[in-house]
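Shown below is the structure under consideration.
Letters A, B, C, D, E and F mark the chains as written, and numbering starts fresh at 1 in each.
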Amino acid sequence: METTVGKARSSIFPLIFFLIFLGITALATVVAAADEAPKVDTGDTAWVLMASALVLLMTPALAFFYGGLVRRKNVLSVLMQCFLIMCLISIQWVLFGYTLSFGPDIGGWIGGLDWFGLKGVGLEPFAGYAGTIPHQAFMIFQMMFAIITPALIIGAFAERMKFAAFAVFALLWATLVYDPVCHWVWGIGGFMRNWGALDFAGGTVVHINAGMAALVAAIVLGKRIGYPDNVAPPHNLPFAVLGAGLLWFGWFGFNAGSALGAGSLATSAFVVTHIASAAAGLTWSLIEWMRHGRPTVLGIITGAVAGLVAITPASGFVTPVSAIWIGIGASVLCYLAAVILKAKLGYDDTLDAFGVHGVGGIWGAIATGLFATKTVNAAGADGLFYGNPAQLWIQVKVTLVTVVWAFVMSFVLLKIVNAIMGARASEHEERVGLDLTGHSESAYTVLD
Amino acid sequence: METTVGKARSSIFPLIFFLIFLGITALATVVAAADEAPKVDTGDTAWVLMASALVLLMTPALAFFYGGLVRRKNVLSVLMQCFLIMCLISIQWVLFGYTLSFGPDIGGWIGGLDWFGLKGVGLEPFAGYAGTIPHQAFMIFQMMFAIITPALIIGAFAERMKFAAFAVFALLWATLVYDPVCHWVWGIGGFMRNWGALDFAGGTVVHINAGMAALVAAIVLGKRIGYPDNVAPPHNLPFAVLGAGLLWFGWFGFNAGSALGAGSLATSAFVVTHIASAAAGLTWSLIEWMRHGRPTVLGIITGAVAGLVAITPASGFVTPVSAIWIGIGASVLCYLAAVILKAKLGYDDTLDAFGVHGVGGIWGAIATGLFATKTVNAAGADGLFYGNPAQLWIQVKVTLVTVVWAFVMSFVLLKIVNAIMGARASEHEERVGLDLTGHSESAYTVLD
Amino acid sequence: METTVGKARSSIFPLIFFLIFLGITALATVVAAADEAPKVDTGDTAWVLMASALVLLMTPALAFFYGGLVRRKNVLSVLMQCFLIMCLISIQWVLFGYTLSFGPDIGGWIGGLDWFGLKGVGLEPFAGYAGTIPHQAFMIFQMMFAIITPALIIGAFAERMKFAAFAVFALLWATLVYDPVCHWVWGIGGFMRNWGALDFAGGTVVHINAGMAALVAAIVLGKRIGYPDNVAPPHNLPFAVLGAGLLWFGWFGFNAGSALGAGSLATSAFVVTHIASAAAGLTWSLIEWMRHGRPTVLGIITGAVAGLVAITPASGFVTPVSAIWIGIGASVLCYLAAVILKAKLGYDDTLDAFGVHGVGGIWGAIATGLFATKTVNAAGADGLFYGNPAQLWIQVKVTLVTVVWAFVMSFVLLKIVNAIMGARASEHEERVGLDLTGHSESAYTVLD
Amino acid sequence: MKYIIAIIQPDRVQDVLAKLEEKEIHLVTVSQVLGRGRQKGIAEVYRSHKEPGNLLKKVKLEIAVNQEFVAATIEAITSGARSGQIGDGKIFVLDLAEVVRIRPGETGGVAIG
Amino acid sequence: MKYIIAIIQPDRVQDVLAKLEEKEIHLVTVSQVLGRGRQKGIAEVYRSHKEPGNLLKKVKLEIAVNQEFVAATIEAITSGARSGQIGDGKIFVLDLAEVVRIRPGETGGVAIG
Amino acid sequence: MKYIIAIIQPDRVQDVLAKLEEKEIHLVTVSQVLGRGRQKGIAEVYRSHKEPGNLLKKVKLEIAVNQEFVAATIEAITSGARSGQIGDGKIFVLDLAEVVRIRPGETGGVAIG
C-alpha cells in the first residue's frame, strides 16, 4: 500500500510542526508512535467498525423514535429528513467535514483543509487520534456522529418545516456549527481539548449542540397549528418504542466505541451507558406513576434516552454506581424541562429535542465534572466528588461556551435560510400533511 | 488503575478462602490464573461486548414478537412490561443480582454479598469466569440474560395482568428464582455446576426457568375473557416477524457470546445456533403444511424460536448435523405442547411461553445429554450417543430440579403478589384494554 | 479437539492432490499454511462472526423493505418467502450447498461432494480461504450470502407466485444457479477466479445472478392483474424505510466482512460501502427533485440500496472518492432501468429487483474494472483508470457469462416448475390476496 | 324495509353477532368508528399532557332487514350489547327504499336476505 | 334525492369507480368495512386454531344522487362489482331529505353534484 | 328525527366538534373515509409513476338529532368545516324513523340525546 503511506506521510508534516507548539513530550510520543509504525490491532478494529455500524443505525432508529410520535400525515417527512441527512452529511464529511473537524489545527479554532476529500486519510493508524486502528476507521466512526447530530434537531421542528429549507439548514449547520465545536473538543489543538475538557462521547459536541439548535428552531419556526390542545397524539407508539430500543442498542457503539479500542475502557463505557439508561427509564416511570397514577410507554422510553444522553460525556470516566445517579438526575431534569418548563414558556418543541438532548447534555457535561474519577480512566481526570473542583469549573466553562455558540449560530443560520427560502411550510401544507405535500406519498394505504 | 486493582484484590480474598474448600486443584488453577495477571484480549472483548449488545436487543425484539401477537388494545402493555424489565432488572443486577448469582459461593446454593453494588467487580479479568475479558464485561453480558429471562414469562399472562403486580412479581422472581438457579448452574461452587451439568447458554437457567414460571402464571391468572373462541387474532403479524428476525439475530450473541471469547468455540456455537433454528422453522412449517394444507407465518417464526431455545444449552457442545436433529425435535415437541396439549388441558398460555420456552428448554437440556461431544468442546463432555449415558442422567437430574424449583417458587410468589395487590386486571380493564387503562395511551391513532 | 483435526486432515488430502494441478507455488503456500497450523485470530473471528450475523439480518431487513411496498393483503406472503429461504437454504448449504460452492474443485466448474454435510469443515482455519478464522466461520459467513441471494428475486414476482412453486424454485435455483457461479468466482479453482475476476463481495455472484433471475421471473409470470394503473401503492412505507435502514446496517457485514478479517481492508470496504450508498441515495433524490419537484422517501431508499449493490463487487478495491462516482452512477442507471426502461418494455418487475440488483450489479462489476487500484488492496488489481484496460475486459467477460447463465438457467427452471405445479397464483387468490389464500392469515386486524 | 345502524362497545361485537345468529339474522356489515357520547372515557396522557376531547373507540353495525325482522334485530343487538353501563350505545332505524343484490341482480325484499 | 350505499368486494373498487366515471357520477365516499354474508370466506388459522366468525373485508361506497341518476348509479355499481360469485355484495337505497354543500352553503339538488 | 351525515376535511374535525359543543350537540360518531369529489388532490407518485384516481382522506360525522336541532347542527358543521376552498365537503340529511338507546332501552326522541 505504498501510495497510501506516501499520502499519509505528506499530511503528517504540518501536523508535526503543530505538535512542536504542544511541547516536546507530546511531540515525542507521537513521533515515537509514528516511528514504530503503529500496528493495526484486529480486535480494536473489529470493535470500532462494529461501533461505527451501530452509530449509523442510530439515525434510522431516531427516525422511528421521532416518526412514531408525529401524526400519520407527517411520518414520512421525518423519515425522509433522517435519510437525507445520512446521505448528505456523509458526503459533506468526506469532502470537507472531516478535515474541518480533525484536520491539522488552525489556532485552536478549526481544522485545516489538508485532508480535503480524505486526501492522506489512509489505512495506516494515525497515532494522534487512535494508534491501533486504521485512520479511516476513526474517520468513519466520527462520520456517524456528524450524521446523527443534525438529525437530533429534527425533533424540534417536526411537522412544519419545508424540506428544501431543512436540507440547506442541515448542511450549513453541520459545517458551521458542528464541525467547529467538534474540533474544539476533540481535534488535536482544539482549545477546549487543551483546557482539559472531558467529553468522552459527545455531550457538548453532539447533545448540547443539537439541543440548543432545537430550542432555537422551535422558537424561530413557531408553534404548529392547533398546538397545544388540538394536535393529535402519537400516531404509532410501537414505532417509537422500536426506535428507542434500537437507539439503546446503537448507543453502545456511540459510547463504548469512543474508547477507539476493545479493552477495559470500552467495557467500562459500555457498562455505565447501560446502567444510566436503565436508571433514567425507571426514574421517569416512577415520576409519572406518582404524578398521574400510571406510568406511560412514552415516558419510559423518553427517560431511557435522557439517561443515554446524560451519560454520553461521562461514559469513559465514571463508575457504575455514579452512572445510576447520573441517570436519575437526567430523568428528573429532563422531565422538568420537557413537561413543566415547556408548558410554562409555551414554545413548541415538537418531540422535546431540547428538553431531552439539550437539558440532558448539559446535565451530563456538569455531571462529568462531578463524578469523573481516574480510577476508571487514568487518562481522564478527577471530578468534584473526587476532590478536584477545577474540573467542574472547566466543564461549566465548556458548557456555557457551547450553549452560547450553538444558540447564536443556529439562530443566525435559521434566520438566513428563512429569509432566502422560507423555513416554514404553508398552512395548507401543514393541514394536509408534509408527506403528501412535500413528498407526494402517504405512509399507509387505507384500503387493501 | 491502582484502586480498581485494589478493590478487585480486596474481594478476591474471601473467594480464595472459599476456593480452599473446593480443593487444591481448583485453587491452583485460579491462583495461577491470578498470578499471571491475565491480560485482556481485544478480540475476545470486542466479541463479548458486541454479544452483550445483541442480547440486550433481544428484549425489545421479544417485545415486538409478543406485542404483534396480542390485540391492538394491549400491545403497549406488552412493550411496557419488556421495557420496565430492561430498566428494573439492570439496577437489581448491579446492586445485588450479580453478586447473588456469581459472587463468592455459599454452600453451593447462592452467591455471597461481597460484590454488592459491583464492589470489586473491576476492569481486570476475573480468571474464574473469563480470563481474557474485563470482569465487568462478563458481568454486563450476564446482566442481559437476567433481563430477558423474566421478560419471556410475559407471554403467558399477556393481556390480563395488572402492571403494578407484574413489576413486583418480576423483581421478586428475578431475585428469588433466577439468581439462585443461575448460581447453581454457572456460579463457581454452584452445586449443579459441580455435578457436571452442561448448560452452555441457559437452557435450564433461562428457558426451563421462565417456561415453568409461564405455565404457573397461565394457571394462576386464569383464562382471558372469551378464550379460546372469542379472542381476536394477532393484531400485527409483521411486528411479530420483525421480533423473530431480531431475536434470531440477537441469539448469536446469546449463544456464541457464551463462549466468552472469539475463537473456535464461539464459531461452533454460532453455527449450530443458526442451523438448529433453520431446521426447526422448516419443520414447524412442514407440520402445518401437512396438517392444514398451508404453512403459516406465525408457524415458521414460532418454530425458528423453538429451535433457538432448544439449541441454547447444547450450543457449545454439538456438531452441525446434531443441530439439525435438535431443531427438528424442538418443533415437533413444541408444536405438540403449544397446539395439542394446550388445547387439551385448556390453560390459557397467551403466547405459548411455556409451550415454546418450557418444552423447548427441557428438550434442549436432554438433547445436550444425547448429542454432546468432546470433539467440539474438549472442556465439555460426551453425551449418550457418544457413549456416555452418565451425562444424560446428569442432564435429567438438573432438568427435574429446575422444573420443580421454578414451578413451586413461581407459584408461591404469584400467590403472594396476588394476595397483596391482586394480580389480575379487572374485567373492565381487560375489556377496554390494558393500554388505555394501565398506561393512558393508545398504540395507534384512528384518524390522521 | 483431536477428532476435528483428524476430520479436517482427512478431507484436506483430496484438496492437496487437486492443488498439485494448480502448480507448485499455490501448493507451497497452502501446505505451508497448513504446516504452520494457522492460528485463529480473535479479532478477525469476532469481526467475521459479527459480519455473519449482520448479513443474516439482511434477509428479514429485505423482507420489510419488500413487504412494506406490496399491498396489505400480500405482505405476509413476502415475509413468509423470506423466512422460508432463511430456513431452507441454511439446511441446503449445510448438506450440500457449501461443498458444491467451495468444496475441492472439479474442473473449475463446481465443488466436489467431499464436504457433504460439512464433513471435514472443522474449527481449524482453512488457509485456502481464510487463514486466521475457523473454517466453519468462513462457511457460515458464506451461508448468509447463499440465503439472501434467492431472497432478492422475490421482489420480481411478489404478489402473484404460488408459495409451493416458490419453495421448489428457490431450492433448485440456489443449487443449480447460485452454487455454481459462487464456485466459479470464489471457489479455489473456479474458472472466473482464475481469470482474475474481481468480485469482492458478490456483484456477480449475488446481484447480477439474482437480478437476471428477477427479470426472467417477471417475464415468465406475467403482470399482476391491474398493472400498471390499478395496483394500489405501497401499503406501509415506514416498513420499507425500516428495511432499508437495516439493509444499510447489515451491508457493512456483507462488504467489510468479505475481508474475512478486521484490518485495513475491512476498514476500506466499510468506508467505501457507506459512501457509495450515501452518494446514490442523494443522487436518486436529486433526480426526482428535478423531474417531479419533490424527492420521495421511496426514491431515497431505493437509491441507497442501488448504491450498496453497485459498490459490493468494488468494495475491496476502490478509494472513497471513487465510491462517490460509483454511487452516482448506480442511481442514474438504476433510475433509468426501474423507471424509464420498465415502463417502456412493460414487464412487471413488482419491486424492481432487476432494475436495482441486476442493473446495479452490472454497473458495479464494470465499475470495478474502472476504479480498482492496488493502492487500496495490493492483492487486487488496477482498473482502466489506473492504466490497466485488461481488468475491465475481464470484468466485462465475467458479467456477460453470468448474465447469460443466470438468464437461461432461471428461465429453464421456472418453466419446469411452472409445467409441474403451476407457478402463478389463481386470479381468485391474487384478488383476495396471498396472505389469506396462501397462509390462512391476515397481517393486521381491522377491529381491536 | 329498514336500514338499522347500531353503535356498540368494541368488546361486544362477538356477543351481538352471536345473538343475531340466533335470530337467523346472518347478514351484517361492521366497521370501526369513534364516538363522542355521554360516556367520559379514560383520558389519554402524553408527556403528562391530558388529551382533550374523548373520542372513544366504538363499533358500528349496519343491518338491512325486512319490516318483520326489525324488532328481532333490535332485540338481538340490545341483549348482546347491553352491559348496563353508560357507553353501551345506540340503535338507529332508517327507512330503506330499495335493495339490490349485485350478483344475480335481484331487488327488494328477496335481495335483502 | 337518494343516498345509495353499496357493499362490494375490495378488489372491485377501481372497476366500480371507473364505471361511475363513465356515467358522470364523480362524487363518491369510500370506506373499509367488514361483512358477514352468505359468502363463507377462508378461515384464518393461528397456532392451528381456526378463527370463528368469518368477517370478510369489504368496501363500502356511499353516493348521494338526484332521482334521475339512481338507475344509472345502480347500473354502474352492479356492472363494475359483479363477478357472479357469492360475495359480490349489495346496494342499499335510502331516501335523502336534504343536502348541503359546506363551501358556499348551497342546498338541495344543486348541492349534491 | 334526522340522521345527519357530514363529510369534512380531516384537519377540521376538532373545529367542528367544538362548534357542535357550543350548540349543545354532544353526541357524534366519527369515522375515516376516502372521498372522490371536485377537489383534485395532490397526486401520489411512486417510482415516478403517478397514481390514478385521487381518493382523498376525509372524515365522516354521523349525528342523529331531533327536528329542532337540525338547523343548529348544519350551522355548526358548516361554520366549523368551511375553509372556503374546494373540498370542504357535504352534509346529508336523512330521515330517522326510530332510535333506541341500548342501555336502559329507551326509544324515540328521548333516546337520541
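Annotations for the structure displayed:
Basically, a residue touches a chain if its C-beta (ideal position, glycine included) is under 8 Å from a C-beta of that chain, and two chains touch if they have at least 3 such contacts.
What you are looking at is a predicted structure, and each value in this text was computed from that prediction instead of being measured.
Listed by label, the chains touching chain A and chain F alike are B, C, D, E.
Listed here as common contacts of chain A and chain D: B, C, E, F. Both copies, chain A and chain B, contribute mostly unmatched positions to the interface they share, with under half of the numbers common to the two.
Pairs B-E and B-F differ in how many C-beta pairs touch across them, and the larger number is found at B-E.
As a whole-number value, the distance joining the C-alpha centres of chain B and chain D reads 46 Å.
Work out the mean CA point of chain E and of chain F, and you get 18 Å between them.
Look at where the CA atoms of chain A average out and do the same for chain E: the two points lie 52 Å apart. Among the residues of chain C, those touching two or more other chains are numbered 41-44, 46-47, 50, 73, 230, 233-234, 236, 242, 292, 294, 296, 298, 440-442, 446-448.
Within chain F, residues 10, 14, 30-32, 34, 44-46, 55, 57, 94-95 each touch two or more of the remaining chains. In terms of which chains touch, the assembly is arranged so that all chains touch all other chains. In the complex of the two chains, the chain E residues touching chain A come out as 10, 13, 30, 32, 57, 59. Interface of chain E with chain D (complex): residues 2, 5-8, 31-38, 53, 55, 58, 60, 74, 77-78, 81-82, 84-86, 88-95. Those residues of chain E that touch chain B in the complex are listed here as 44-49, 51-52. Of all residues in chain B, only 1-4, 40-47, 49-50, 52-53, 56-57, 59-61, 63-64, 67, 75-76, 79-80, 83-84, 86-88, 90-91, 94, 117-118, 123-124, 133-134, 136-137, 139-140, 143, 163, 236, 239, 242, 438-445, 447-448 touch chain A in the complex they form.
Chain D meets chain E in the complex at residues 3, 14, 17, 26-31, 62, 64, 94-103, 105, 111-112.
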